[in-house]
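Structure first, then comments.
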């Protein structure tokens, strides 16, 4: 099948049965890849009462139509499962080289079910697929294990690993690859660990079939030449995402001290310039990317061994650096390495430690809970000790292993107020109190709070930060266009930062596959995925839908104390009004339940049937659903 | 004219590998490229592009004289090559590559396409 | 022939050198020597280091062979003119001794990359042909704390020293003047002699034989002929190694 | 006082040896530095890199003493 690897693998980890089937062309066209594939398979296969860390959950590794194929930029691989953090659909992607390698080995999808009898790793060398004993790999750190496996198997294998955190089911465990690329979010690493799958090793040496190679490569070749001189190219190449630390601070949305503040007065000590000047080892790109936003660095702290890591990127600097109030980029980079190697998402991991630091600041936890240690803002030793307590689930570490929501529920005493999370997943590195559309984006996001599905800081600025007018429709548009890149399984930044149009992406897909599709077709796939995930979430967690879209009280009620956004807060009334607007624009009812009309239009009427059975189908909208859902504002992305 | 490799500028993106096989074989398959990016991680944390420098040792060693100097590049003539592998062994910098699906060893013929897609100055054309 | 027997036979005529022995041979085999420049000095030094059984030799040179090199650079053939020197030299040295690892590197050495290029080398041999690059290499050797065997030639004059600051001066402690812009005359015999002496210093250092030429500069004046070995000291104001301890 | 300057290499042409093939006898007033002595002899800057006397390295600010034999070294950096 042109444009695809051609084969779907189904691996029953319990029985070690491995089944190969040709990827169904109709399925491929309807769901296109990674996020889309994952959405449909999870919906169809996972029992609604399945424990995310149990035998019935699926662990899915998926490439997409653009992966591995001289495109802007098909570097990605997606991981899917029911999330232990949100108990809903999870898809988390990463760049690097694993996705392309899988496709060169001929695989579009690997669906793992069951639980391995012993710790194992998945070995794929073109047509050879084996479940091998993990032996003493089990227990190793992510980065250490990748080095070890490269030595054991050869440099040309691409490796993805989990760390002790994933083995121990910490709900914000990630999957690491290429010494610093992560599928970080939704706890995909915990699910991989629950399957007793320590690592994946892949080598692929086959050619990728492409329908019209000449037109295909010329298009991307021209895009490369055109974007080399784009004004955003140089700063992205030099600083990567860390460039935005100052930008965010100036705009009063940089999480500081667990979102108590939104301006870090020492931001210049932890920004991109400091990173590049003090720590840079080399610039590092994902497969096929000419923008090399990856910064490979060395952290040097007197009295500690030097560490080598990719990053910290913006999100890590925000949620570890700002939110834990560090004032030295070396400390942030060291913390980045610690979390990477132990196998925790630096975003939710950073946020969870920051949340604990606020608990410590306010006396909800004390030295007695911390094995005699403290948990002071900006203290790297305290940070490290606490992270190790979580990873090993020692003492109160076991409580924080559930993330901020789980920990707040366990601690009680109103701490949930300062857990900045939605559906059980922590916010990305942007405060929302002056950015209402961003708050709506987080709270309605199908995987829990994540900017990858909708990022609106510039939209809020453009439409006015003190208004909610017109925000919901733009959020919906972004929730379709941005995840589309996760479905195509390519990097979003070439659209967002270098003005490569979505239409050009579609053109390349048509050359690759021989399809004749339009951007509207793709946007419909994206909307189909969004609605299916919504239905799935409600089928698993009950309803009404609106009950899952609430915002943390801090962002509704607590005005920002200082900095450029001083005094700002969204307000409960505004937030509820945005939700009303959002549901109306989506073709859902006032309770946030999808209607039959929208689900049928998107070709997933079966989801309407299922919602109806449990009494959660949306009431019909008088006058019908909107013809077009979402409104495009000149997009600016990150 | 030759291709100068600036190792420290390489970011490991492997666009060069892709365009190489596209132009050489009408296929997308980095494993069939005449250039190979070797990562050295976690330490020292750099990428090493491995690319033929047209030294001509392969041509000297070829037992059937199938490698000819054409302009500034040594080129394998597919109809003369017996795929014996002696040149691969003899190559002093290990840049004669092989692939099961390739009829001869894989060697750079200075088409320069890789230098056109490289955006970091790691591969540049010099006189 | 099995590798062990070949090994014994290959090195049979050097191993009995007092202080060398199987132990010294083993140390050579475990060493990595970074040869910076494979011109007149490099051809001589690298040849004897390869022949002696240094386990890993990096040959770093970005130049293409020119006809005017061939009066002194004896690892190449006339037909090689126009080709890059490092891989050609590597092929020749590999034929001389296939049991060692030889890594040609075509990187142009500069201040930014020199330390990275030296990497894990046991010794650096400075066989370069210009002061600017020598200074870059000197700085990198200081930064990485790798000893450097320096030699330089002009006409029938040659200089040689074993540099390992802070125990010895560094290059910039005693080479303070920029050379004249014109390319010096270099008859092949001068770098052949000096490169061989560099190899001798490296081999001595690696096997542990005798005294390295540390804190001293050997000056060969071929015209008279005469060899002086003079004392050199660290320059307390040296821009490269000042304050190093 | 009298000092002796020597050179084996190409500096000989400039030095114009008179004692033997390599050595020139130079009469100087006071205790001038090598730099000053070379300037007096019309040997341009840049032709002499350093010198040595009695087995010891000397910079060009060195002031030779009576009867000392000082060997001049040209810049040497080829390979």
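A, B, C and D label the chains in the order they appear, each numbered from 1.
The working rule: contacts are C-beta pairs under 8 Å (C-beta built on N, C-alpha and C of every residue); 3 or more make two chains touch, one makes a residue touch a chain.
Not measured: the values here are computed from a predicted model.
More C-beta pairs in contact connect the chains of A-B than those of the other pair, out of B-C and A-B. Separating the centre of chain B from that of chain D, both taken as means of CA atoms, is a distance of 55 Å. Averaged Cα coordinates give chain A a centre that lies 74 Å from the centre of chain D. A straight line joining the Cα centres of chain B and chain C is 30 Å long. Note: centroid distance chain A to chain B, computed from Cα atoms, is 37 Å.
Among all residues of chain B, those that touch two or more other chains are 8, 44, 46. The touch graph of these protein chains is an open line.
Those chain pairs judged to touch are A-B, B-C, C-D. The touching residues of chain C, when paired with chain D in their complex, are 37, 39-42, 127-131, 134, 151-159, 174-180, 183-184, 186, 191, 217, 219, 221-224, 226, 228-233. Residue ranges of chain A in contact with chain B, taken from their complex: 68-70, 97, 100, 104, 143, 146-147, 155-156, 178-179, 204-208, 210, 213, 217, 221, 224-225, 228, 233, 237, 281-292, 294, 296, 298, 308. Considering their complex, residues 8-10, 12, 21-22, 46-47, 49-50, 52, 55-57, 59, 71, 73-79 of chain D touch chain C. Taken together, the chain C residues at the contact with chain B in this complex read 62, 64, 80, 82-84, 86-88, 90-91, 94, 102-104, 106-108, 112-113, 116, 119.
Chain B meets chain C in the complex at residues 2, 4-8, 44, 46, 53-57, 72, 90-93.
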